[in-house]
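Chains here go by letter, A, B, C and D, matching the order in which they are written, and residues are numbered from 1 within each.
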């Protein structure tokens, strides 16, 4: 089943390489993502059996990531139905990459082998890079370049880390996760430490943890909204899954404190750095990129704090992805309508595009963790975890940074929504597909925030239980 | 005495647990009254905006806000409280930016959102610290926990910041003087009347949960009260803009409330049940009273602004003849806020004064000194508030209009002479009804305070976690009933004096002429003292603190043509603290951003250094 | 046999250093090709048991890909983009070499603190591979041109490759696949990007100005 | 109830009768010191009687508040007088915290006076009102400071007790404190009643006046009410000050009464002497004068705290 789920988008991707109608590609993407989502939904009832000698296993953590990506792809594909109505560019490479990306993220969710995981994550990088340069111009190419450069280095470091882990696991002769976990006590500690550091820095580059975050504002600022949603909501969290796997190994082999201190350190950095840069920012997509860095910091912090923090981090994974739908799809709409995402060019959105204006406000609230959105709860849980593990200074610092982030993003968005009206350059109409995709994301996020389904709690608890 | 409603709420740590206790009841009362009256008022006030503004959304936010206030003051669970708190802030934001086409309104709205959100983060920390110590997220369970002095002190400090931002304690009040004038008047009334009181409610709730706090907390709150109160009223004196002035008065009144709470805490620290009950009861009564009279004043200000399209005190004047009803109702509000007898402000200030004096006589030495300072500052606040409202009332409603534009209003009045007085006033009758209800309540508490005092005394006793003692209540009521008696005699004396005057003047009409003005022949309305010149002596005395600045005003040349003078009072904590901080931060941010973009290599360098750092740090 | 392995290791590090010291892009690529050539003999040299087909295939694959194809693509790219051929380092070549030497010392120091659990062909492999990785990293950090960064990245990959060889027996074939894929894809995409940059450069005159103003950051 | 009514009426009788006399003594003293004969001490009675018979003229700028102010002012001071004991005539109204009623009723009167002044729509009155508001802020500060000291010493917050039987004990316990309190209260008396170093009630240069300029537009009964209110206010302040300065209590009612009356006359003399020996301060010096009195009162409070 898992294999089919991986191979299906791949085949579809190959098939749309053929010269078919532009719209057909997107419709096929909608279909494939819907099927993907339906299958994923079935996994919530019953996890699938392991495949390929235990190389492909879907546990609760994988299920969370898989579901996130499923939802993201559905939202993005429907959004694209609307987006490409107004978009004259060819979409072959774009959609093909999207299909391959769906395939590879499914592989990431299901891979139960550290090497395979690395390969899967590396391929996601390859297929996401062309998405950034959808609009072929100076800035997008520059951004793609930076993205590739940083991520390749990260991937190389992660590979080193994987090698170190292989050395540490010299006795077991395999990097299969269950075997590693059951023989965790026999792992060579020094090599494992080295491995953990390299993996954190390597996957951290991919995830955009400070100080390896610098590609984010560039890439997110230049890529079209739907691509950013997949990157910020899906791909970065794939790397988080890798970090989570490392945490599982560390917990078993007595390196929990070692690992959590590193995690907390980089989490704190990822909170501080965007908070410093956000106030000078005037481009909404870049601002959201900083917000994304901060959310990654929160995730890592939750993982590092342990206990309820892990639950919080997993919950935040889901919320972050949904918030990214609202944030970046809206930003994408703005960019398409105004031909810019800068505050100078976009003002008074609510008077010209009332629905998009409302979405912008929702994006602000969702992205900064205001109440009806579930991000509120997960951020609170992680703060609470910080307090209850006696990291008082950390909690205070976190609050400070979140406050600054709110100021920075709110400053841009509220002025965009209500400011002195500027006329949109490209003046496209509001589109039902685009808006319903955003609205769906927002509604799900609000729904979870107001009433968290029991099944969700069960799955998250199951995933949190993986670290023991 | 307490009603608890509890249901499951499926979010992390959440519980749909509401609880009604004397404290909640008190705040609920204020909320209900003010929302009701402001709602009635808005029926008239919003009429000109029909079809121009999304009124349905506005009304939805208004009702939603009312609901959220209700949840905030009754929530028994941290998550529920914080959720409602956030929603409340958001709804308030949308209400404030009703006039979103104006840049200053947008700025004010954002400032509000920014301040309140940052304050909320302190609350997160505070509540989690509490929950961590108490092991539960429910207030009633927390109340049974015991807190070590350090933890208790930390929690209290966080509460002072977190709730202080909302309440408008100095120096966290910066949003207040911007947001209040920006909002439409019925919203300003709600903001000032109850929104900032939720901060006070929060502090009360924390006090209730914490039980006994370290000694310094009471002194700290007293000090904050004194500083906020004095600075609030001084800033108010320096304002030219009516609603901004009222906003600063809200800060002053919050200061008075904080003084009351502070003395209550001192009483509790030293186990003086009566002092503590007096302090808390006075503070709570002032919460209620301030909601009434400040609501009234803001509504009145709204009528004035709607009528004249300006809130600039230096341009208004003589409105008592055009808006007779509003002028009388505004006078009631002004008298109440100055704490003058006949109206409710005096009652609550009396209770707080009583508490302070009682503390003066019974507390240990440092307490005595603090009470002395409290009394003197409260007295000074009273005197300054009186000066300020005499200025406001005198310049808006009395004298002559200070700009030529308003003589058009007078002509209009002449034309409408045939109409009924209410219509001539040209403000909707709903607006007058709403103000009249509030004014009536002010007078009711001022003249028959027993019920209101009982309500708040119960709240005070509850807050000091004592048992409601009949004697104590009677001990408070005794002087109050004497006061009421005196006030009734006072009214009788007035009646007699009026009669005497009538008799002495006899029948026949009295001659009406222009103002004598020492015989000066050509009296122009421009001769009148403006509000700025009225307040100048006091502002000059305090010009260092108030950052008072004057520009221009020199008349030069042998044949001087025209001269302009601008004087302004700047808010020290805004202009001297937060704004420079903000600007510097932004500059730093921009600078770093520029530097970062210079080389792509720097990106890789960071990774490299990070890796090296981790290796050295972890593998030494 | 160990002497050959030692020599190869030393050579790899030496070429990394000389790439660091190069002041023309063409020279860098040439030296990289030679380094890769040396490296491609390693699988054959390092086999612990009988020479298998796998070893030979790996050697040949590496040789073709890294020593021929990649340098060819890179040369194609610099010709196509018509960049100037100076390296343009951020820090001078002299000090680069000093730093590189320090990094080599550091990697030997780090390697001394960990012991390899299994059998290894030579004790120079791990420090040398680490040194190559770090030197590659340093090339990326200190050189400002896109192509030089690609070369730096490739040097780094060579280091990792050397390291992977030490794990030859323990690792499944998957990893090698990964390495090859990585190199292939990275170079491929980088070349495409460089190509695109060129395309844009030709297409819009407005971009030219900006491009030249951007300096040499890409 | 009946007896209370009687006491109240009696109190008012004393106030209404005594206040003009008190006011009349001062100009006489000044005249004598400067070597003139001066007006009769009963002159204020004549003035009031004359004003009561006059009709008034109203400005068309004014509103009902202009007419209400004199009434409120007079009523307020009359109510305040009920809280103050006049030696053997105990205060008819006394309760815990009645000093607050004193302060706030006076404030009520002030509020109405100020807005009535602003009601005329002319700069002179506005100027007076502004100064009145400013100086009263400062004198209120001093007044409350003294109340605190007295309350601390008497351990009670009812005016009758604060200046009542405990004063001799307080003199023994914290004499300096009481002395300073009395001194600063005297300054308050001068300031609140617009006596000389602060304000000159006799001058007719509007620019330097405070109280007089506020009531420029009032005439007839209104002016009479205003003057009466001012006189009563001064009388009340004096009646508060005298028991502090002359705390001797004999068993004899008549002797006590004589001491009190003598004290009042002495105070009037003192005011007269001050007025004839001091010049009026420049306006921007007045605030310093008042602040000094506040400092004095504060010092008294500290001493009282020290001794208690």
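We adopt the following convention: a residue touches a chain if its C-beta (ideal position, glycine included) is under 8 Å from a C-beta of that chain, and two chains touch if they have at least 3 such contacts.
These numbers come from a predicted model, not from an experiment.
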item: Chain located farthest away, centre of chain B as origin (C-alpha); value: C
item: Intercentroid distance (Cα basis), chain D paired with chain C, Å; value: 97
item: Mean-CA-position distance for chain C and chain A (Å); value: 31
item: Between chain C and chain B, distance of the C-alpha-averaged centres to the nearest whole Å; value: 68
item: Centroid spacing, where centroids are CA-atom means, of chain A and chain D in whole angstrom; value: 77
item: For chain D, residues contacting two or more additional chains; value: none
item: Multi-partner residues of chain C (each touching 2 or more other chains); value: 113, 137, 140, 149, 217-218
item: Chain A, residues touching no fewer than two other chains; value: 145, 149, 153, 190, 194
item: Interchain contacts (touch definition) - all pairs; value: A-B, A-C, B-C, B-D
item: In the complex with chain B, residue positions of chain A that touch it; value: 145-146, 149-150, 153-154, 157, 190, 193-194, 197-198, 200-201, 205, 211-212, 214-215, 258, 262, 266, 276-281, 311-312, 315, 350, 365, 368, 370-372, 374, 376-378, 380-381, 383-384, 387-388, 392, 395-396, 399-400, 402-404, 406-407, 410-411, 414-415, 418-420, 449-454, 457
item: Complex contacts: residues of chain B adjacent to chain A; value: 9-14, 79, 82-84, 86-87, 90, 97, 100, 103, 106, 109-110, 113-114, 117-118, 121-122, 124-125, 128-129, 131-132, 582, 585-593, 596, 600, 602-604, 606-607, 609-611, 614-615, 618-619
item: Interfacial residue positions of chain D with respect to chain B in the complex; value: 8, 52-53, 55-63, 65, 71-72, 74-76, 78-79, 82, 93, 95-98, 100-101, 103-105, 107-108, 110-111, 114-115, 117-127, 129-131, 133-134, 136-137, 140-141, 143-145, 147-148, 151-152, 155-157, 206, 216-217, 220-222, 225, 287, 301, 305
item: Partner chain C, residues of chain A touching it in the complex; value: 115-116, 118-119, 122-123, 126, 129, 133, 136-138, 141-142, 144-145, 148-149, 152-153, 155-156, 159-160, 162-163, 166-168, 170-171, 173-174, 188, 190-191, 194
item: Residue numbers on chain B that touch chain D, as the complex places them; value: 317-318, 320-321, 327, 331, 335, 338-342, 346, 349-350, 353-354, 357-358, 360-361, 365, 368-369, 372, 375-376, 379-380, 382-384, 386-387, 389-391, 393-395, 397-400, 478-479, 482-483, 485-486, 489-490, 493-494, 497-498, 500-501, 504-506, 510-518, 520, 523, 525, 527-529, 533-538, 541
